[in-house]
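You will see chain A twice below: alongside chain B first, and alongside chain C after that.
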Partner chain A sequence: MNKSLKEKLESTFKGLRIAVPEESRIAVSAESDNVLAILRFLKDAGFNHLALLSAVDWIEDNVFELCFILTSYMQNDDEVTGRQSLHIILKTKIPRKEPQFKTATGIFPNAEPYEREIHELFGIKFEGHKRLIPLLLERNYEIPPFRKDFDTRKYVKEVFDKIPSVEIEEK
Partner chain B sequence: MRELELYFGPQHLGMVGNFSITLKVEGDRILEAQANPGYLHRGFEKLMEYRTWIQNFPLVCRINVVEPDHIEMIYAMAVEKLAQIEVPERAHFVRSIYLELARVGSHLFGLWAYANMLGFDTVAQWAMYHRDLILDLFEELTGGRVYHIYIWPGGVRRDFPPGFKDKIVNTLHSIGGCVPDYDSTFFNNRLFYERANGIGQLTREQAKQWGATGQTLRATGMKFDIRKVEPYAAYDKVDWDVPVREDGDAYSRVWVIRDEMIESVHMIFKLLDDMPEGPVYNRIPNPFKWKVPKGDAYVRCESSRGELGLYMVSNGEDKPYRVHFRTPSYPNGLITLEKLLENASIADVGNIMISLYVVAPEIDR
Partner chain C sequence: MDRNQITKWLKAPAKMANKYSLHVIYFCTGCGIIEIPPVITSRWDAERFGIIPVATPRQANLFLITGYVSVKTLRPIIRTYEQMLEPKYVIGFGSCPINGGMYWDSYNTIKHLDKYIPIDGWIAGCMPRPEAIIIAVTHLWTLIDKEMANGYKKYRENYEAYRKNQEMALGELDWPPLFSVSDKSRGNVQ
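On to the complex of A and B.
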């Protein structure tokens, strides 16, 4: 099944790099313009479970990598086929300067909180997302905190060392 | 009628844990709900980038207080996959038994939360006591009651101590002996049925669309369990079944949890019988100088709440480059909860939230 899916993907979309590093995994690298169409195609092909949407900061290459992990639910309610153990990892790179991407919530509604989280922690803006409001953090950061140039230890020292320690009076 | 904004949690009797919901209500009816996580955001994924592969073990288990064991397992699985470490046969069995014990403990904790919230205090106390018996087992095996740090890349930290097998059997028998009591006071109780039946109704299509896994999905009739569809540890070595229900409401979800506990206990007995002899861990390279090869991996396991996944990237250094956990409470608590609360009544908020089995620390990480 891996092979037929690989061939189908290659014939439908141009400029894909597809690797099958192991039997249960297909790694697809695509141009950012193609990603939504590929997601739609894969969903129609039965990969209807967006398990995770993640981002990686490759600071040396000056890009962010968005990573969609797709698996599939069962076709029938209790029939386990080889298909459920297959993971598709779809990756795309976007420039690190003013990063922007189109929202995938139209295809997978459960991408909504993942996109909110990535927007908050990496500063990647998702066009068309209905509520890109903060999810987890309470402070404002100059650099979004999950980027590689944000130094947690330095930040902790700068911010929390300023808080004066509590003096205990002796009676 | 006038629209009001109502803050539900984090300090509220119906709220368990560090989580809050902002409700827009008209009378008793909820028009719109917005989940607010972040009260326990510790940034583990970022902190892990500063620690070596082994140093991360005491860190990962703190992501979910209720069931740290599955998170240890998933992290060990990801490291094993990236570094291509083999696990001995006996370790697979030990891991499965350990994880199933953790599942029973976690379900009992969940049962405590649910029964407590609905006012079934007696059942809640029983569940907490029985969970304590399982914690005693963990204490003897690992030295820790809540956080165990027992699973290790290449196996587990130590083998079962002498006589431990009998202790597991005795403990599980004494818990199993109380199932009729639980049934008559809680699961088959008319009061509980009236309170939970039809609450938080979810169809299978909705569950699939909102990324639900675990009980939330299985209560709608789909036998989707990672232990079956992508077996890890020793789950494919014994015969067991996935409990399901058809209705998709809070009552079904709780019954799936109950059946799952019983199935887990049976599975532990089978695993104990079939357990082979042999070593329980393979040696790993010197942890102080250990560099894991370049690459990325997505691994997943079935925690007591659903699909627990981990996406990990290594760039060939002694620390992980990027770690991202996919926790089952994340879609349940942030999407399904918000959607199910629409048009519900205020009295059902806690009921719906706990029946979805949401654990806030897992969402925040």
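On to the complex of A and C.
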């Protein structure tokens, strides 16, 4: 199954780089235009569960990398043979300046909170997302805090350390 | 009951009754909440010490903050504290509420909790053992005896400063002040 899926992917889409780091993992790097089509293809092929959508900030290459991890509900880990269920890791790179990507909520509805989180913490905008409102944070940050150029120590010094201790008047 | 304490009971019965029946509200903010189940259940049965968990802050007079406080949880912590009835005591559990602990340079963690609400006692450690909660409560008894556990009085007296700090951390607060705040000091906040 592992090999045939790899061949199918390679024959359907161009410009893919497919690696098999382990027996039960397939890592696919794709161009950002292809990603939604690949997601739909994989969903039709039985990978109907988006386990994770996350982002990585590669500040030296000036790109963000989005990372989709797909798996299937129907295949279970087999404890007797030790065979693990197959996970597909789909990666794509988008430019760091004014980052934008198309929403995957049309294919996997559970991508909604992941995309809200990434929008809040990395500042990546997802076009077509219906509810891109803050999810976790309470304060406003000039630079989204999970970007590598966000200086946490400077931020702590400027915000939290400036709040004075309450001086208790002894009586 | 300890025979030596009879004079204390006769002198201030209400204070002694209050001291030996601490009703606890836990705030499950961080990893420290994992130490609470062994404390309240049979292993270290905290009811021997009169500590009993309650459902709402309006029944509680001991507030146990277990673990780190993010900016978002500071808001319900203040609201919970303000709903509790006096006399009320707060114990910070673990090193994170003291000075941030391992989250000292985090963008979203409150570093010194005593800037926002008064704390009567700290339990240092990461994580403290469950016995530490019971030891802290016995220390709190001593403080109550000596009238030193008066954080709620400090909150009442220095409410303006506390409210100002809360607004600095959270921005606009969406509830009215608990105690009256004079207009002059409100002007300095913004």
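We take it that the second predicted complex is superposed on the first by the 161 of 171 C-alpha atoms of A that agree within 3 Å, B and C clash if a C-alpha of one lies under 4 Å from a C-alpha of the other, contacts with A are read in each partner's own complex, and residues count from 1 in each chain.
Keep in mind that, in the parts below, a residue touches a chain if its C-beta (ideal position, glycine included) is under 8 Å from a C-beta of that chain, and two chains touch if they have at least 3 such contacts.
Computed from a prediction, not measured in an experiment: that's the story for all the values here.
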Touched partner set for A:Leu39, first chain B, second chain C, both or neither: neither
Which superposed partner A:Asp57 touches (first chain B, second chain C, both, neither): first
First, second, both or neither for A:Ile124, with chain B first and chain C second: neither
First (chain B), second (chain C), both or neither touched by A:Cys67: first
Touched partner set for A:Ala30, first chain B, second chain C, both or neither: neither
Touched partner set for A:Pro109, first chain B, second chain C, both or neither: first
Contacts of A:Leu90 with chain B and chain C, given as first, second, both or neither: neither
Chain B versus chain C as contact partner of A:Tyr141, first or second or both or neither: second
When both partners are placed on the shared chain, which of chain B and chain C touches more of chain A: B
Touched partner set for A:His49, first chain B, second chain C, both or neither: first
Shared contact residues on chain A - chain B and chain C: 136-138, 145, 152-153
Residues of chain A that touch chain C when the two form their complex: 136-139, 141, 145, 150, 152-153, 155-156, 160-169
Parts of chain A lying in touch with chain B, wherever the complex brings them together: 24-25, 48-52, 54, 56-57, 67, 69, 73-74, 77-78, 80, 84-85, 87, 89, 108-110, 112-113, 134-138, 145-146, 152-153
Interfacial residue positions of chain C with respect to chain A in the complex: 70-72, 75, 104-108, 110-112, 114-115, 118, 154, 157-158, 161-162, 165, 168-171
Chain A-facing residues of chain B, complex: 37-38, 41, 43, 45-47, 50, 208-211, 217, 221-224, 228-230, 242, 244, 296, 298, 300, 307, 309, 311, 313, 321-322, 324, 326, 330-331, 334-335, 364
